[in-house]
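Naming follows writing order (A, B, C and D), and every chain is counted from residue 1.
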Amino acid sequence: MNVNDSVTKTKFDNLYMCRESIIDSLKRSTDVMFGGKQVVLCGYGEVGKGCCQSLKGLGCVIYITEIDPICALQACMDGFSVVKLNEVIRTVDIVVTATGNKNVVTREHMDKMKNGCVVCNMGHSNTEIDVNSLRTPDLTWEKVRSQVDHVIWPDGKRIVLLAEGRLVNLSCSSLPSFVVSITACTQALALIELFNAPSGRYKSDVYLLPKKMDEYVASLHLPTFDAHLTELSDEQAKYMGLNKAGPFKPSYYR
Amino acid sequence: MNVNDSVTKTKFDNLYMCRESIIDSLKRSTDVMFGGKQVVLCGYGEVGKGCCQSLKGLGCVIYITEIDPICALQACMDGFSVVKLNEVIRTVDIVVTATGNKNVVTREHMDKMKNGCVVCNMGHSNTEIDVNSLRTPDLTWEKVRSQVDHVIWPDGKRIVLLAEGRLVNLSCSSLPSFVVSITACTQALALIELFNAPSGRYKSDVYLLPKKMDEYVASLHLPTFDAHLTELSDEQAKYMGLNKAGPFKPSYYR
Amino acid sequence: MNVNDSVTKTKFDNLYMCRESIIDSLKRSTDVMFGGKQVVLCGYGEVGKGCCQSLKGLGCVIYITEIDPICALQACMDGFSVVKLNEVIRTVDIVVTATGNKNVVTREHMDKMKNGCVVCNMGHSNTEIDVNSLRTPDLTWEKVRSQVDHVIWPDGKRIVLLAEGRLVNLSCSSLPSFVVSITACTQALALIELFNAPSGRYKSDVYLLPKKMDEYVASLHLPTFDAHLTELSDEQAKYMGLNKAGPFKPSYYR
Amino acid sequence: MNVNDSVTKTKFDNLYMCRESIIDSLKRSTDVMFGGKQVVLCGYGEVGKGCCQSLKGLGCVIYITEIDPICALQACMDGFSVVKLNEVIRTVDIVVTATGNKNVVTREHMDKMKNGCVVCNMGHSNTEIDVNSLRTPDLTWEKVRSQVDHVIWPDGKRIVLLAEGRLVNLSCSSLPSFVVSITACTQALALIELFNAPSGRYKSDVYLLPKKMDEYVASLHLPTFDAHLTELSDEQAKYMGLNKAGPFKPSYYR
């Protein structure tokens, strides 16, 4: 059961949690001020979108790199400049990766960064920043705080590397229990569904969580916000061709 | 070919166009000031999300009604109060429907609205506001401008009904040619695909546009913003299991 | 009595009205889409701040020009790039002036603009854009709509000039009656004060409106938003050294 | 020399620093998630405005209390509901004081708060929250972390009190060195001015920093953002009646 791509995971955990944890991670580890800072976000998927929302709200100037033209066009419409990393690497103050890919930030990029540039990874695993390329004799590493290394170039330039390129929000911030609850709830329901399903419903394959369960997870979390759902009338349900208890959207909707 | 649910339609036309046209429609038809106004948005799908983004940016206090717990939870996380229409109907200044449903705003609701309340539909067709219920002998209609009717209650109360409940952005604003171009381009490519497809690829069914075409539509519109796409290296494409020319995301991604 | 610099004028009329009227003026005159557009705002005073707020909310990429380092630093902290006009003039889609100065946009600038660039004035009078410099034999003027001229270069390039450089919000949009009410109320109270003042209170000089009247103007407009003011307790008023009826701030506060 | 009310203090330190430190303080001390949380801000001066900007950007639903009708009207126009504290005290998740006054949050208020409500002070001194009223035999204090106390009611209800009511941003977060630099620079220049001033320029009174010095402080901080100031031409300076080196605004401008 591919819980990772369920709506309540991708559109909540990835977006809303990262919106808060990018700020929190950078503050706790570097005490950086965000107002007026130039930030490049590599990747404008859910994680990138979440990060940009809060960074924009705090007065950062934001650049995006993307390989996918759809996400790139979204970045444009959201008011961000879409660039290649090399176009801005000499001037930005903060570099954040959120692509799911490898070697997005290379030694060549880091050679060009300005003194004091902060580099961190919000994406996956520890592959996005080529940290190994920094373990060469010409560079000096100085641990200034837990999870914070200064990498020092021969000319004295320092870049600030967080969590040695591992996920910075897992390493340097706490995670809101609410969003974790949404994700954990999704996982638990997936297991229950697999356990209870009549034999034959699921073959040896990867499935997305049924829409109705996604909706159930969401409904369990609404009372926290004292949110009041509207119910369909019989007439409305019939007009829409919906069951009054959901699911309310086609499975591909997100 | 179900173009209406392709990514470049739902995530661009619905979201970004409505973000601008809700403002434009209301300004051109009523000259209303947005700062400090209380607005209730019925429906927090793509259209509702787009409307809320711009209305929030202009200083409105926003309430949401929703039937779908996932969209309701998104509204909460985005900072909006999720309520039943009856909880706020006596105090709001503007009511906007964007549900795709029928009779979302009923005569009973309109009886409770305060004097001067503006009512309009951004959803679909002309079913969302029960306009027929206003054509009764006790109410007087006064056309104050093209597409703008005052409906007057016996006690003198007026509500401002736009476009007689039809789509207000088609009736009262212009549409940005850019977003129309995205949608039209999607439709044209769908027709070309159907024409060129080898017999047997499509049966008598409804299909979503292949991801790769969606991406192609987006890429055709990037030069407008002078956006520079990043290309995958061979090593990165292999790591991700992607073709360097796309598609870059699974078909269910949006 | 210098009403123009009273708080309820500068911080309301200039900021909140312009926040809405820049959008409205551009939409009604050009039907432009804002998402992804590059805009340069000349001047980051109250008017510029108001314009930027709404343009940012609609997804524009914004550049600022400023002569005053304090306003420039505010622009930085608010997330905008502060540049000289020449640095961005070849790439921007929209140019807005809000400086109160003259010849801020010159013929030389307009020679460099790209095809389709929109130019308008939100500042004062009609001096900010050097429109006279465009009335030369090599350029052709084409009125495409009321208040909208295309000025055509010999190579076919067109710039879109609004209201011939006069105030675009007075020429191309309506003004929210609410903000006009605040300003008119301020003016009326100033006249009443001058009429009622005992001889000797005002000499032949220019005065700012007394703080208390500014506060009175604001309090008259609060019921529109159903806003509930908190009252000082006797103990709190004493602690702050304030009269419970105001004024609540020193005269220089704004 | 009243440095506290100079523009570079009130409009930078108070606004931009608090915009970041309210978030940082709450995260570090409580790990709270902001999305969807209901927050009441007592006071909408510079500090309150700064706090609201970032909290709004992170998806909070915000209420304001104010005694000053001008600030209250600004809150309305910025999209916040202006209420008396008692109207929302039973439902909010976070209470922040920023009034400069005393006993803004009383024992009576705290008796009504819901379980888990977070209470903190961003204003001045330690007077805004009546902490002494919580030191009664019926309530139990439990220190759960440095600067974080749970105050426990007989029925088990807990409120989360930060820094025992002292300034939470000084107690629970770091301060961006950049904004501190602006403030410190203002103070240093004030001292230099007092030292250098010819005898007689300043009498035994409190003075605001001359505008020109405020502008000088700002100009010293622009290179951090690579901001490029525009210079007045001779013709423009003459038109505006300004010296090309400033000051660029009247002393009362802010």
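General observations
By our rule, contacts are C-beta pairs under 8 Å (C-beta built on N, C-alpha and C of every residue); 3 or more make two chains touch, one makes a residue touch a chain.
Worth saying up front: this structure is predicted, and the values here are computed from it rather than measured.
Each step here moves to a touching chain, and the least such steps from subunit B to subunit D number 1.
Two copies of one sequence, subunit A and subunit D, touch each other mainly through matching residues, since over half of the numbers at the interface are common to both. With every chain reduced to the mean of its CA atoms, the largest distance from subunit A is reached by C. For chain pairs C-D and B-C, the one joined by more C-beta pairs in contact is C-D. Note: centroid distance subunit A to subunit C, computed from Cα atoms, is 37 Å.
If each chain is reduced to the centroid of its CA atoms, subunit B and subunit C end up 30 Å from each other.
Chain centres here are Cα means. That of subunit C falls 26 Å from that of subunit D. Multi-chain contact residues of subunit C (touching two or more other chains): 16, 35-36, 56, 58-59, 76-77, 81, 225.
Taken chain by chain, the contacts link every pair, so each chain touches all the others. Interface residues of subunit D facing subunit B in the complex, by the touch rule stated above, are 35-36, 56, 58-61, 76-81. By the touch criterion stated above, subunit A contacts subunit B in their complex at residues 5, 7-8, 11-12, 16, 65-70, 72-77, 81-85, 87, 100-104, 127, 208, 214-216, 218-219, 221-222, 224-225, 227-233, 235-236, 239-240, 246, 248-250, 252-254. On the side of subunit C, the complex with subunit B involves touching residues 16, 19-20, 23-24, 27-28, 31-36, 53-54, 56-59, 91, 173-174, 176-179, 224-226.
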